[in-house]
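Okay, so chain A shows up in both of these, paired with chain B first and chain C after.
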Partner chain A sequence: MSELTRSGRVVRALGARSIRQTFRRPQLLAPIVVFPTLLLAIQTGGAGASIELPGFPPVQSFLQFMLAGSMMQSMMLAGNSGGIAFAVDIEMGFTDRLFAAPIPRFAIVLGRLAGTAALGLFASLWFLAIGLIFGAHIEGGVPGALLAILLVTASALAVGGIGAAIALRTGSASVVQGLFPLVLVVLFLSSAFFPQELMIEPAKTIAEYNPLSFIVEGVREPIISGIDATHTLEAVAAILGIVVLGLVLSSRALRHRLRVG
Partner chain B sequence: MAAIEVAGLERSFGEVLAVRGIDLRVAEGEIYGFLGPNGAGKTTTVRMLTTLLLPSGGRASVAGHDVVAEARRVRASIGVALQEAALDPLMTGRELIRLQATLQGLPPAAGRRRADALLERVDLAGAADRRVGGYSGGMKRRLDLAAALVHEPSVLFLDEPTTGLDPVSRKTIWEEVRALNEDGTTVFLTTQYLEEADQLADNVGIIDSGRIVAEGTPESLKDEIGDPHVELLISEGEAAEAERVCAEIGRLLPPKDGKRVLVEVENGAADIPRVVRALDEAGIAVESLELVRPTLDDVFVDKTGHHLEKEESEDGGEEPVPA
Partner chain C sequence: MEAAAITATAKTQAPPPAWRANLATIAALTARAKNELVRVPGAAIPGVLAPTIFFLGLNGVFGALTQLQGFETGSYESFIVPVSMLQGAGFTGAAAGVNLARDYEGGWVDRLLVSPAPRWVLLAGNVLAASARSLIPATFVLGIAFAIGAEWPGLDGLVICYLMVAATAAAAACWGSMLALHFKSQSAAPLMQAGTMALILFTPAYAPLALLQPWLEKVANVNPLTQVLEAARQGFVGSVTWADTWPGIVALAGLLALLGSLALREMRRTNV
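Let's look at the complex of A and B:
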């Protein structure tokens, strides 16, 4: 068996375990599904009329506008939950089992990220289904929906890398869990839940440079108007940036963990 | 070729030197008992030998491979069951063994077969599809042991495999370790239980404060301490006279209290009638008499000045934890 095939099997097995772990531990699944779904319901019900505001992008409904934000929220919380689960593995010594196996150590991190990416995929399908059930149009059609799914899945992998790096560096589930409010701050300081054009300073400027805004717009555009190359490329660039940051931080944290045990 | 060879191995955590230049050699097919109290450096040593922690100094090889330069090869040759069985409570026993088989590079069909065979071997076939969180301590240890055996390693590291287990579960693990050893597996076993080292190990290394203070077979270590002794419980007021009589038979040991007399006897049980006769002739009444052989705890006391098992109950200190 080649090294690549073997590593692929390990990544797949660890990814499958990570998904099972999330679905078997309600406290990991709830933030990914329940919280964003409730927020979507509350915001759509309570702020639906905001689409009439001058400067609001042309959309079919507030639900249609909000789908990308909910997917982003779910994806970010999937990344955070993945980090928590990884830290729990470190705390209970499960990662020692993995580190003591004859596999490339990056496969351990990739396995965790594969699981987080799968949860991102699940989140995008969940919210697209909710949108369609409650009457939202996907203007970009099937290709647009596929693009949104792809971007959410890839961004879950990217954000999961940051969560994994923090878990590896600290080895503490409570520290990773403590980042939950920060996740919300990053989300609310992006265009996830409100159009950038209608924000006031300094939130508007922060949202303008927040990489998450680029990803949100890349996911939103195929839903509210159709596939747009500029938005898509900006989203891909933002995702790649986060992937690189996650990889660098994870690799440094992995080295640190092996040094300190 | 030695299964494990260690020379001048060191590990520090900041200012704390947890392992202070230890040397040891474990022959192929041997059970090596690494005995010491909490915080002595046992787990730190095992983590270095299993490539989970980089040494600060010295060198070590396992199954002929250097633990730093050839870490992947070391990991392919060893099985590891660490302290506090590192099991995911949300997985089933079968899922865990199959995952371990994948980690060790077994093809899927072979992994499934091996998992079934191992679960049968450790008597967990009936519980294989239950989540590990519902297992008893003994079941978890057996599952952890099974996971460590999935790729038939040549060297098996067991870090305190029976700590916290009831006597029955402990015996089951011992039997399994013996059976593995009979099949040719080298076992490196850390323990804080004297009886465990005594029962299982071909050779014992005693570690205290990061240094190996004694090494040898359990029997040779106990022989170094001296002859067995007779412990006599004497009627009140006659202990001094009993000591005078016993001093003519063998060397007196420091008494535990004013009613007891401890005398070393060169020929063990064969000397008991002599002791009884001498005391009887002196008219001294003996309330009880016991022949006490040196234990590994006596070895530990001799080498370190303190008891191993007493420390365990009084001091729950652990090895330094990295920041």
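Let's look at the complex of A and C:
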């Protein structure tokens, strides 16, 4: 068996384990599904009239506009939950046993990230299904929906890299859990929930430069108007930036973890 | 002579009346919760941080909603601050449930249950502590709201708002305690938090009733927390009236009676 095939099997096994772990523990699944769905319902019902505001982009409904934001929220929280579960594995000594096994170290991190990416895929399918059930149109049709799914899944992988890096560095589930409010801050300071032009300063200016805004717009565009090359490329660039950051941080943290044991 | 001395000693050593012992137990349990706050100040941070982030985030994101026709104030921070204060109360109440579940897992609740203290006294200690703790996030959020321009609600409006916050935290603590005693595990924490969050946000939290989507308007109309929110908000968006106050008091009394009885029922069913 080649080295690559063996690593692929390890990644698949660890990825499947992390997905099963999430679905078995309600405290890991609730932030990914329950909270974003609750907030989607509340924000759609509470701020639905905002589409009448001058300057609001033309949309079929506020639900259609909000779908991308909810996917982003779920994806970010999936990254955070993945980091928490990884830190729990470190605390319990499971990762140490993996380090001692004859498998490449990067496969351990990739396995966790594969699981987080699968949760991102689940989140995008979940919210697209909710949107369709409650009457939202996907203007970009099937290709648009596939693009949105692909971008959310890739974003989950990217954000999961940062979660995994923090878990490896600190080895503490409570520290990773403490990042939950930060996830909310990053979300609120992006165009996830409202058009950036209509936000209040200083949130408006911060949202303009927040990489998450580029990803959100890339996911939203195929839903509210159709596939747009500029928005898609900006989203891909933002995701790549986060992937690179996650890789650098993860490799440093992995070296640190191997050194300290 | 000896018999008289024994009688006198017995009189001086007679147990205190039940009501006094109950009050002392409640005070001790409340003090325990206060000690936890003093010894682990970091534990209070999430309860303070979450409503603050929601307040600043919602204000920055949805502030333009005041431009909609039918919005009762031009200051979104004034409109949204009571929501965040109640949200802080909800989080604090839910945290009381999580703490109770942790105490159960650690065996502390078992020791309380074998004590001669009545069950309602044990519950009251936990609930009153949550009620007092809820004033911390409420005051923090309110301070930030004033700093960024929220309007002064008047002394009467402020007092009513704080009363609503404290009573909401008590109701949320009953809800959290009920779930903690039912599931006997901290794993039920998301259910405690999601329940209080839903109850507080399925109200005219983001916009006045008339501007809500029809389905949410119907939900908000039957949600008792709508009356509580309207009572807490009245001073921030207008004048304080008895007509806006009493429905909030009645709604909270009903919630406390219902959730308190359910929590007590769970406590009575909990065997050592």
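Definition applied: the second predicted complex is superposed on the first by the 261 of 261 C-alpha atoms of A that agree within 3 Å, B and C clash if a C-alpha of one lies under 4 Å from a C-alpha of the other, contacts with A are read in each partner's own complex, and residues count from 1 in each chain.
To be clear about the criterion, a residue touches a chain if its C-beta (ideal position, glycine included) is under 8 Å from a C-beta of that chain, and two chains touch if they have at least 3 such contacts.
Remember, it's a predicted structure, so these values are computed and weren't measured experimentally.
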Chain B and chain C placed together on chain A: clash or fit? fit
Contacts for A:Leu198 in the overlay, against chain B (first) and chain C (second): which applies, first, second, both or neither?
second
- Message: Contact-wise, after the overlay, does A:Arg25 reach chain B, chain C, both or neither (first, second, both, neither)?
- Response: both
Tell me which partner A:Arg9 touches in the superposition: chain B (first), chain C (second), both or neither. first
Between chain B and chain C, more residues of chain A are touched by C
Query: Does the superposition put A:Leu189 against chain B (first), chain C (second), both, or neither?
result: second
* Is A:Arg252 touching the first partner chain B, the second partner chain C, both, or neither of them? -> neither
- Which superposed partner A:Ala49 touches (first chain B, second chain C, both, neither): second
Overlaying both structures gives a minimum C-alpha distance between chain B and chain C, in Å, of 13
Chain A residues contacting chain B in one complex and chain C in the other 25
Residue set of chain B touching chain A in the complex reads 13, 44, 47, 50-54, 72-73, 75-76, 78, 80, 82, 84, 86-88, 90-91, 95, 99-100, 102-105, 107-108, 131, 147, 322-323
Seen from chain A, its contact residues with chain B in the complex are 1, 6, 9-10, 13-14, 17, 20-21, 24-25, 89, 92-94, 96-103, 258-261
Given the complex, residues on chain C that touch chain A span 46, 49-50, 53-54, 56-65, 67-68, 76, 186-191, 194, 197-198, 201-202, 204-207, 211-213, 215-216, 219
Residue positions on chain A within touch of chain C in the complex are 25-27, 30-31, 34-35, 38-39, 41-50, 52-54, 178, 180-181, 184-185, 187-189, 193-194, 198-200, 202-204
